[in-house]
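Here chain A shows up in two complexes: once beside chain B, once beside chain C.
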Partner chain A sequence: MTAISRFAPALALGIVVAQAAVAEDIRVGVIAPFSGPFAQYGTQYQQAIEAYQAQHGTSAGGNEIEFIYRDVGGVDPDLARSLAQELLIRDEVDYLAGFTFTPNALAVAPLIEQSQTPTVIFNAATSAINRDSEFYLRTSYTLWQVSAPMAEWAYEQGVRSVVTTVTDYGPGIDAENAFVETFEALGGEVLDSIRMPLSTTDFTPYLQSVLEQSPDGLFVFLPGGPPTYTFTRTYNENGLREDGIMFLGTAETEESNLQALGDPALGLMTAYHYSEAHDSEANAEFLATLRELHPDAIANWASVGAYDGVHLIYEMVEAAGSDGPAAVQHALGLEWESPRGPVTMDPESRTVIQNVYIREVIRNPDTGLLENVEQGIIATVGDLGWDR
Partner chain B sequence: MGLFLNIVIDGTAYGMILFMIAVGLSVTMGLMRVVNLAHGAFALVGGALAHWFQQDLGTGFGIALVAAIAGTVILALPLELVLYRRIYRMGELQQVLATIGLTFLFIATINLWQGSALLVIEFPQALRMPVDLGFRTLPAHRLAVIGLGFAIILFLWWLLDRTRFGVRLRASVDNRDIAAAHGINTDMVYLATFGLGAALAAIGGIMGSELLPIEAYYPLRYMVLFLIVVAVGGMGSILGSFLAALGLGILETAARYLLPDAATISFFAIVILLLTLRPNGLMGRV
Partner chain C sequence: MRDHLVPIVMGLVAVGLFFAFPYDLAFLTRVLVTIVLVLSVDLVLGYAGIPTLGQAAMFGTGAYAAGLFAIHVWGDPLAGLVVGAVAGAAIALVSGLVLMRTRGLTVIMLTIAVAAILHEIANRARDLTGGADGLRGIRMQPVLGLWEFDFIGRTGYWYALVVVIVVYVGLSILTRSSFGLGLRGIHDSPERMRAIGAPVYWRLVTAYTIGGGIAGIAGALNAQITQLVSLEGFAFSLSAEALIMLILGGTGRLVGAVIGVALFMTVHHFAAANDPFNWLFVIGAMVLVVVFFLPQGIISLPGILLRHLRGGRDADRA
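After this line comes the complex of A and B, so read on.
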């Protein structure tokens, strides 16, 4: 722990000592992948949590907060459920957090209902999750939240015809629905909606078909890593860029793989809620602390989801200690300044209302690195998929 | 007509990449009869070394390619001496366990060394250029892979059918004891062939990386793909793997053009049908 963390609690104590009736030891169980192909998520959560603690100390309202990490490996709802059970019963945690994948988040709904445990979702982005329990609070985003603004922006830019290419699984279909519905409502034409199997390695046939239909824009949803790499290269090499078909994406250019995408990523347009290059004081402070603790750390949506999640937990602990229902009540409508911009916890959908930015990939002339440079705020939006 | 040509061209390009990444396995598992699930691990080592030479040490693509192949072989030979030599005569289950364990070991090592992010290998500018085919363009590296695939199948045909080494290898595989009794140093023949398999794995990993990018979990992600090509081609037949890779590549590409949503299902349906009709593969010997 750095020097900051020793002084910050003292300061915090002075301000809030009157509110905390009885100081408690609060435990937060974090369920995330810490090994295997998705280990990066868990690592990023942990780094962001440590950064928050370095800035704000390890206690809130006089209550000491301890994080307990559990490795769920990957998409494994059974394991997520038994880890949650173990955390709730044996470790007696007061809060749950983490959850990268939707099935894992959904699996703990009956448990948190019964134990009345506030559960902060750092990532899982399917709108429907929060309907399963009043105790879910989400500090990431939903696919509707970013895909619909992309459609609006594209239409504003004069894009009138679009082909959508999404990976054929839950999040991809959510993204397709959001984009198509919004774009058609505005009067745009969707020429074709292609769903590509999850195991696709060669995107040439799909992109060649798109090229032959020659739309104004190409809406894309892909899981991170290898598919994004191959897809963006094929987009360039098969002449879609040259033909002026605008790439419209969301998380494809996220920071952990952005440098690997290389020059073919230049100029790609995405609508998203967080960019490491976001220009604000809160983001600069967050990045400075993060880099001080972990010099090689990359900040992306997973980091900011966890960072804000911890902030929310601190707020709840300060107001309600270990009283779950009171903590959730306090969280509803809460506003704060996040590294991504101003956010509000929507009392109805329990997902943050936030800015969605339109960004373009540009090479920073000073560092030589690729960045998602914000070209404007398209909208301050809540979870648009909540009522669907 | 345009659609048909697209299918043939993209299918051949994709099929040739399948052949490139599976030909090393066709040598170790097909010819040497060892269930080598660590094939992808050697491809990963090749790719990771190429990435390291190119991105971290700053060498050109050509040097990185040669150095990575050499590095993979240098790593593979002691493994043959220490591990593989002991499992040739064991049952398939033991071979599976030993080689899958080796795969996990490689994955963890690469993960520790280079992390779990994509390990990019940049092809030289000449290979990045689009080539105009008259009715559409194709990236030059796809054409290079098609050319290299033909070169490799010709080289292997020459090596296995036209050289003394090929005769010794086929004799050793058919009956190791009698081959040894005829004065063939079967240990050396196996060592050299295993090295060849590892070198081909590395070439496949690097040249295929535009479609199957290198990252720590590469061996598990694409294991099924390697195994399908060798199984459909028929154990022990390089030509079978070649035909299987091209056939599957063209069929899957056709499915992607014609039935985009059902491409994966049609791919596996064809594989099941083929293996039901010919359980030993296209060119498999019983």
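After this line comes the complex of A and C, so read on.
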């Protein structure tokens, strides 16, 4: 064992030296799904990162920034952890980024804590993550952040009774809690809270039961993709729309499968932080660069999460190079204009404070495409789930 | 002597890898843990001929048992391994009592079902298991009170390597014993074994239980080293990949399990690191080539080459 014990300090020293040296080359390890059913996330991240680099170059404050991509496939905390370990030890990355799923993000907490590595979350939206380490910074959103304003808005619109339907897993339960708690605090009544298994493909029985209870509104949380399509179709076909049961959603009409939803999506109301149709200069520039690089690219919340995440990393690199704690310190309270609107990095929860918009799906008369048209800002909030 | 040569060489290679790739210990440790799991599949499928696609049931159970034990009772790694083994064996015994009464496709279906049920139980019992967020907060004590688990994973690697060696040696003894020979007999012809008076059912239940215990050890090892247990421990893809690795290496030989895991995971690792977008093609191509040209797995390669060299008339070694 002597060889090992002699080797240990040398190795540890190597890491320290690499981190303390005056930084020229900064490496950012991006852990995200690049293969399998969730590969879309990886693609969205990568395209947004490239767009940011096309606009702002590949260096910040004289430090060259390089992105290293690692494929985690899907929900796989073991692999996420081992990839992070490898990136930190062998590739000597100074920042970690990506993280689509909450379990994967949670898995690296002890590592980033020990190595003092700022870790920018592009997507994972459970409030609890940031409590596990001071080094997490989140540029996406949390489910509380969008679900609670939705409840308030619905109540203002005169909705008094609601049935909630969520997918039965972590984020779905978070969304349900946020909506129910806020709505009941206002004096609204939640008639029923339905949790649907992740593998549900036929929503008829659930929506039939909603119809029978005839609430004023129907709160929905579904992971993006095929379930959204089936759900909205079933909502229309089973007469919930005719019955005047208002659809109250969040990410269900996100851009990457909005066109596929077709006419059944028209008129759906959602509360969310980013729409591709957001009318601002920053968004127009982002979209223009994105389309220049990838003509078929679609910008959705994952893109904007990554785009802002890269912005945050550039800011931190410029201010602190590879000094992790100083970088995080610099990031706290930082304000900038994002394609989604103005954002601030909340010093307490380390999740961005941002506008939540109420949007309606409308067909754009010029392009003939469906869009999430923002009807107004319903809240400017940080992570409302931070204290729960 | 020749029988012992290959395992000894593999052990030396494992020791050498530690010094050759000090920055890849996280990956190498994953390989070691997977070897333990695939060895358990080899015992169940390769030796006893029980078709299983649900070894993750015991892996996950062992992982959760060891994780919960470390959090709530005692953080000693070796005690945790024992708990993991017992938990894995218990699940295998209970399910095996039913499963071993069936044959063929039914067994496959039921093994998948057992893993799926446990997956859902772990998902539902959020208060206990952390549900989809995973079980966290596992803090292990030093191994034997001497070696602390470190950030770079040196202790984890040696610890896992010793466990692999112990399991390997244990299985070599077991598979050479009369019990092991009995299993081979059942594998080839259960009817004949029954005819000569062997208790086929109980032999299979025993083999399945031992396999479950070993899978439980693999799960416990994983939980202790990564300090994390997730629902993926029960995932179908884990069982399926374990089977693919075993077939790649060659079933019914312990060496096959080791080689299959090492090859699959190394190719996977490099392909995924070099091209995180299209690496699955490489894996697919490798599996196809091996299954087409070496249906007996990689371990049949030396035998085939030898036969070709000797003009194809010499004794069949594969």
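In the analysis below, the second predicted complex is superposed on the first by the 365 of 388 C-alpha atoms of A that agree within 3 Å, B and C clash if a C-alpha of one lies under 4 Å from a C-alpha of the other, contacts with A are read in each partner's own complex, and residues count from 1 in each chain.
Convention: a residue touches a chain if its C-beta (ideal position, glycine included) is under 8 Å from a C-beta of that chain, and two chains touch if they have at least 3 such contacts.
Predicted, not measured: the structure shown is a model, and the values here were computed from it.
**Student:** Overlaying on chain A: chain B and chain C, fit or clash?
**Tutor:** Once chain A is superposed (C-alpha atoms), there is room for both chain B and chain C without a clash.
**Student:** Applying the document's definition of touch, where does A:89 land relative to chain B and chain C: first, second, both, or neither?
**Tutor:** second
**Student:** Could you tell me if A:97 is touching chain B, chain C, both of them or neither one (first, second, both, neither)?
**Tutor:** Neither chain B nor chain C is touched by A:97.
**Student:** Of the two partner chains, chain B (first) and chain C (second), which one does A:70 touch, if any: first, second, both, or neither?
**Tutor:** second
**Student:** Per the contact definition in the header, classify A:287: touching chain B only (first), chain C only (second), both, or neither.
**Tutor:** So A:287 meets neither chain B nor chain C here.
**Student:** With the two complexes superposed on chain A, say which partner A:200 touches: chain B (first), chain C (second), both, or neither.
**Tutor:** After superposing on A, A:200 lies in contact with chain B but is clear of chain C.
**Student:** I want to verify one number: the closest Cα approach of chain B to chain C after the superposition, in Å.
**Tutor:** 7 Å.
**Student:** Please report the chain A residues shared by its interface with chain B and its interface with chain C.
**Tutor:** 36, 39
**Student:** For the complex, give me every residue of chain A touching chain B.
**Tutor:** Residues 36-37, 39-40, 168, 194-202, 204-206, 208-209, 211-212, 225-226, 229-230, 233, 237-239, 256-257, 260, 262.
**Student:** Help me check something: in the complex, which residues belonging to chain A touch chain C?
**Tutor:** 3-4, 7-8, 11-12, 34-36, 39, 42, 69-71, 75-78, 81-82, 85-86, 89-90, 102-103, 106-107, 109-111, 114-115, 126, 128, 132, 169-170
**Student:** So in the complex, which bits of chain C are touching chain A?
**Tutor:** 19, 22-27, 30, 123, 131-134, 136, 150-154, 222, 226-228, 230-232, 272-273, 276-280
**Student:** So in the complex, which bits of chain B are touching chain A?
**Tutor:** Of all residues in chain B, those touching chain A are 2, 6-7, 10, 13-14, 17, 111, 116-120, 122, 128, 130, 136-139, 210-213, 215-217, 221-222, 225, 252-253, 256-257, 260-261, 263-265.
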